[in-house]
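Please go over the structures that come below.
There are two complexes below, and they share chain A, which is joined by chain B in the first and by chain C in the second.
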Partner chain A sequence: MIRFIIKRLLGLLPLLLGITLISFFVIHLSPGEPTVLQESMNPKVSLEVKERLLKLYDLDKPIYVQYINWLARIIRFDFGTSFIDGRPVIEKIARRLPLTLFINITSMMLIFLIAVPLGVISAVKKNSVFDRSMTIFVFIGFAMPTFWLALLLMDLLGVKLGVLPVVGLKSIDFEYFNFFEKIFDLAGHLALPIVLSAFSGLAGISRYMRTSMVNALKAPYIYTARAKGLPESQVIFKHALRNAVLPIVTILGLSVPGLIGGSVIFETIFSLPGMGRLFYEAVMQRDYSMIMASLVIGAFLTLIGNLLADISYAYVDPRIRYSKQ
Partner chain B sequence: MRNIIDIKNLTKEFTIEQGALGTKKLKIIAVKDISFSIIENETLAIVGESGCGKSTLAKLILKLISSTKGEVVFSSSIQNIRKDIQVVFQDPLNSLDPMFKVRDILKEPFIIHKIAEKGQVNKRIIDLLELVGLNEKLLDRYSYELSGGQRQRICIARALAVGPKVLILDEPTSSLDVTVQKQILDLLKDFKNRFKLTYCFITHNIAIAKLISDRVLVMYKGRIVELGEKDTVFARPAHPYTQLLLSAKDKAIDLIADEEFDFYACGYYDGCPIKKPICKQKIPQLYRLSKSHYASCHFPLNKV
Partner chain C sequence: MPVKKTINSSILRKRYFKKLSFITVVFLFIAGISLACDYGDALINASSADARTLVPILASDTASSSISGLIFNGLVKYDKDINLIGDLSESWQVSSDNLEIVFRLKENITWHDGVEFSAEDVKFTYEKLIDPEVRTPYSGDFERVASVEVIDPLTLKVSYKEPFSPGLASWGMPIIPKHILAKEDLNTTEFSRAPIGTGPYKLRKWVTQEKIELVANEDYFEGQPYISRIITRIIPDSDTLFLELQTKNIDWMGLTPLQYNKKTNSNFFKDNFNKFRTQAFQYTYLGYNLNDPKFKDKRVRQALNYAVDKQEIIDGVLLGLGRVCTGPFIPESWAYNDNVEPVKFDPERAKKLLKQAGWFDSDKDGIIDKNGQKFEFTLITNQGNDLRISSAQIIQKRLADIGIRMKIKVIEWSSFLSEFIDKRRFEAVLLGWSLSRDPDNFDIFHSSKIKEGEFNFVSYKNPEVDKLLIEGRRIFIQSKRAQIYKQVHKMIYDDQPYMFLYVPDSLSIIDNRFKGINPAPLGISYNLIKWWVEKKDQRYRNYFSQ
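Take a look at the complex of A and B:
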């Protein structure tokens, strides 16, 4: 098992290199330069100043030199300083990342905890009223733009009913709260973002779970299990579920990039100080070092997510464990 | 000679929903009004081409699926069908849960039916493995780490664990190599005598039926076309379809396509070499030809 993990970790390196290469060049191909914000609106900026700025950020060198320099720094975890405010990028990210991770991990657990039972019930009671209404719910879930639903719910729960705070992470008087009030306040602010970001994944995953379970229930070993007198509940949980949940683990692992992408939208809508919004702002301001650092860290997290999915897959499925050793 | 299982007018229809909203329903009758008995300590071979409904019949007898009409009646010697009747399926790889080790597969029957003391289960499992000619080294393997023959031996061991009275064998050898087939058949023959078992052996291979059975039941399109002692059926087949099967040996027979299910005609009408007008107007019943020989044909061959 440990050999399998090490092998997979080593395999990630070339992938990560490829990601840095592509994202670096794509970002530099996009129109606009970081200096634009500081110069074009300002008639006092002369050509010399512009050149000095370009030189400061290494932007006057050929692009491959820039890439190699940048890569050399990245390897030492030096992501440079933000083009906008001159603060170290890593520091800014470190402050924002935990919130985004927290929201994504929680909503992923939420998806797993809700979608799996829903899928199982749908599959076991196939074509029942419950199953059919789940199908409808799933279609609605797929079709509904979550940012729109977010706005509606903010209006309903935050403005009309006033049960949840609308935006932000903390209330204004957060500093004066005691420990439990602080937790309660944070939970209130995060409830909507987490539930909504889980909602979009929920529909799909519960559907996958249903299909996977329906197929598992058709397998000959299920007939065997029934024929030897195992009670139906054990047939479902001991034999069918264990086999059916495997593909879901993979799909959840693969949904990590989607969740990270979704963070951009949710954090902007809910004004949450997370990675997503930091990234969005960086893009709008052509803050190259910030963008690149976010991309690399985002890619790294995605790869880690896939790796974790692989490891858990190998852990639950003996077939993978053996073939990969 | 007692009947251990009586099958009475058993019919199974499957409905397939078609069209976007599942409004158009297609009815498929897999088993049509079948009646016969399985006699204690016999080996009854059920022979037919793939798709003739023999596996559905097996599942109906085991009550793994419910019948549309008719019933399966068990004799008083069968108290608990989940214990006294066991099944071995065609595909040993898929009929063993891939997440289970051999040890757990063999342990489960003992736990379900509580038939062994806790400390004894391990010994019973090893005995079982020995019985089917396997080494206890295999206990910690998963099913896909075994060979086809080993897997089927495990399936048989699992079926025998609870001391059943009847084994339903649904093509137990058809996914195996010929040499392994022979071993498994010998093993099954040996167990039948040793444990006084009753076999219901489903196969598409007429040669295997000849090798192992006491009586033969030939199915065609969900119906019984012929039923009788092995020697009688093989020597003097009464139904033209049986004759075709025997002459084809184990060559594949082309299924005669009839898209429309005809409620009045003999199912074998299109393929039959001796058909007469009445065959299209009346479904032949299972006529009794001699003491234990039945065929559903208006014009049975080889009459004595």
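Take a look at the complex of A and C:
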């Protein structure tokens, strides 16, 4: 098992290098320059100044030289400084990551808590009224433009009824609140974003769960279990569910990189300082070092997520583990 | 301001009441009504993007500039009627050959950390501005300076290589403290998130992408600002910002014409907010690529000017909240020429002029042509500005009426600039200029500024305008400069390198608990430190630095 993990880890290296190479070139070849060089067309910014800035950012060198320089820094875990404000890229990411992680993990937990039982019940009561109405419900969540729903709910709950704050993360005088007021304030601000992002994610997991459960319930060992007179609850939860949950584990692993990626639209509408907007703004401003850092971290987590999915799959499903040894 | 504080403090008032004679009471009472503005409360505004850096000489984005504008001062500033007055400087003298400016600085100004401000700080700021290692976009105006000499701690002599009158206004550049930054690398310094200035507000807290909180500088040399805190919240989406205004969690925001005219007329807004309409220092134009054979002929450009109804654009796009633009200056500027009349909308005249220039519909397909070539072109504009896109659509319709086919292409900002504008790969472009208060237009209209990446991207060349633009830079006396720029105004309107479209109004809404707001040609925020809120209306707690 350990040899298997090490082998897979070493295999990741050339893959990661390839990813950085391609993304570096694609990003630098895309038209446009860092906007710090040309912000808002200010005639006070002369051509000489622009050329000088270009040089200060090393953007006048050939692209392969830029790549090698970049790579040499990355190997030492130096992601460089942002073109836009001169701050270390890692510091900027570190400021944004906790919130994005929190929202994503909470909404993911919410999705699993709701979607897995939904899927199981739908599968057990296949084609019942419950199954059909749940199908419609989760697909509404999937298909509804969330920014629109978000604005409507903000208007209703925030402006008309005044029960929830509209945007942001904290109230103005948050720092003067006591501990419980702070918790309450944060919860109020985050309720809508978390519930909404969970709502849009229900369809996927509950459908997977339903299909996988339906298949599991058709398996011969279920007939065996029923034939030997086990109570239905044991048949479903012990025999069918255990097997049906396997594909969900894979999905869980694959969603690891998604945890650090925020949603631009969501964060913009709710004015949340998350990763999505950080990356989006970096792209719009051609902040190359910021873009590359996000891409490398994202690529790394995707690869690690895949690996984790494989390992955990092997762990929960003995058949796979034995076949690999 | 100890007197005012005494008046406002009810505890003190109670304690001394008995001891005071009747007359004093009456006097204090009257003074209390007429003089005393209450200190305290917070003003909450919003920005669509976070500030990038609070090192003011590096800041090129709006958010950073407007916040550092409250933390720092320059040597000069504009008063409410757009006249240049001293800020950190008491007065200045221009030598008779127009080559030297001697600034006399105000006494007893201190940095936020208590250190005295002096001419050395100004010299230091200048040195950083021209330092090739510093990533400042503002070195241009300062490269013309030959030397900056500290004569004594409060006197400074600036010598120019040649007379450069816009240089005076360039000393509005915020001054940064030498004693803190002398040994720092400005590009990466921590100062960018913990600035020390001389201005009316000090930075208290900056939560990335969430808010920037400033507190009043009690020792400000023009007096302590009344509003205790100014909090800028980062709210990127304009729809949510407007919702947040309705929950009264925002005190001040800019409005779109639609919001100003239609969406803020309910009783809720009338009872809680005041709306302000002032002039923006900007104009929107359609620029022609003058190297394009179609647009080389002045008559063609003039014809297009007749064919487009600017008032129609203003009514349709700005809902009437703007004025027809007649040239590169706005009506509030002293360089503006009242005698330049905008042409009347007249499509027949346009057709006639085009015919004179050889363009008419010879094959009866509805599109005019010349030598077998149809009059078709593409107008490009940038993504994210709906007003520009709507304006382009109205122009498209009007030009179609006289047989010109115009396509519209909307391009993302960064590639728009570097791939199309800088490289001159366009036929026509719809853009706007934000104007500095000084009318110097050299970089936009002088024929020496047509190289790739420079700002005369329409490649406008007029030797007479060139001469005047150079002359305008060499004279300091405003009335003489005004004459020059009035001529420039007329000539440029006549040449039509741009089709000048409109000057939009600047629209904003402010919670009506704020008193002392007094709109002027410069706008509304020039006297921010004098805005105040009555004690009974104050909504947020005060912040005391002690």
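Following the convention adopted for this analysis, the second predicted complex is superposed on the first by the 282 of 325 C-alpha atoms of A that agree within 3 Å, B and C clash if a C-alpha of one lies under 4 Å from a C-alpha of the other, contacts with A are read in each partner's own complex, and residues count from 1 in each chain.
Basically, contacts are C-beta pairs under 8 Å (C-beta built on N, C-alpha and C of every residue); 3 or more make two chains touch, one makes a residue touch a chain.
Not measured: the values here are computed from a predicted model.
Once both complexes are superposed on chain A, the partners chain B and chain C fit side by side without clashing. Measured by the number of chain A residues touched, the leading partner among chain B and chain C is C. Of the two partner chains, chain B is the only one that A:Y221 touches; chain C does not reach it. Contacts of A:D317 after superposition on the shared chain: chain B is touched, whereas chain C is not.
By the touch criterion stated above, A:R286 is placed in contact with chain C alone, chain B being left untouched. Legend: residue contacts after superposition of the two complexes on their common chain; A:I183 is shown touching neither chain B nor chain C. Closest CA pair between chain B and chain C after superposition: 41 Å apart. Of all residues in chain C, only 42, 44, 49, 52-53, 58, 60-62, 132-133, 135-141, 143, 187-188, 192-193, 207-211, 231, 233-237, 239-240, 243-244, 246-247, 249, 412-415, 417-419, 421-422, 431, 433-434, 436, 443-444, 451, 453-455, 540-541 touch chain A in the complex they form. For chain B in complex with chain A, the touching residues are 59, 62, 64, 80, 82-83, 85-87, 89-91, 94-99, 108-109, 112-113, 142, 144-145, 155, 158-159, 162. Residues 219-221, 223-230, 239, 242-243, 316-319, 322 of chain A are the ones touching chain B in the complex. Across the complex, chain A meets chain C through its residues 30-33, 35-36, 38-50, 52-53, 56-57, 81, 84-87, 92, 95-96, 151, 154-155, 158-159, 162, 165-170, 172-173, 176, 267-271, 273, 277-278, 281, 284-286.
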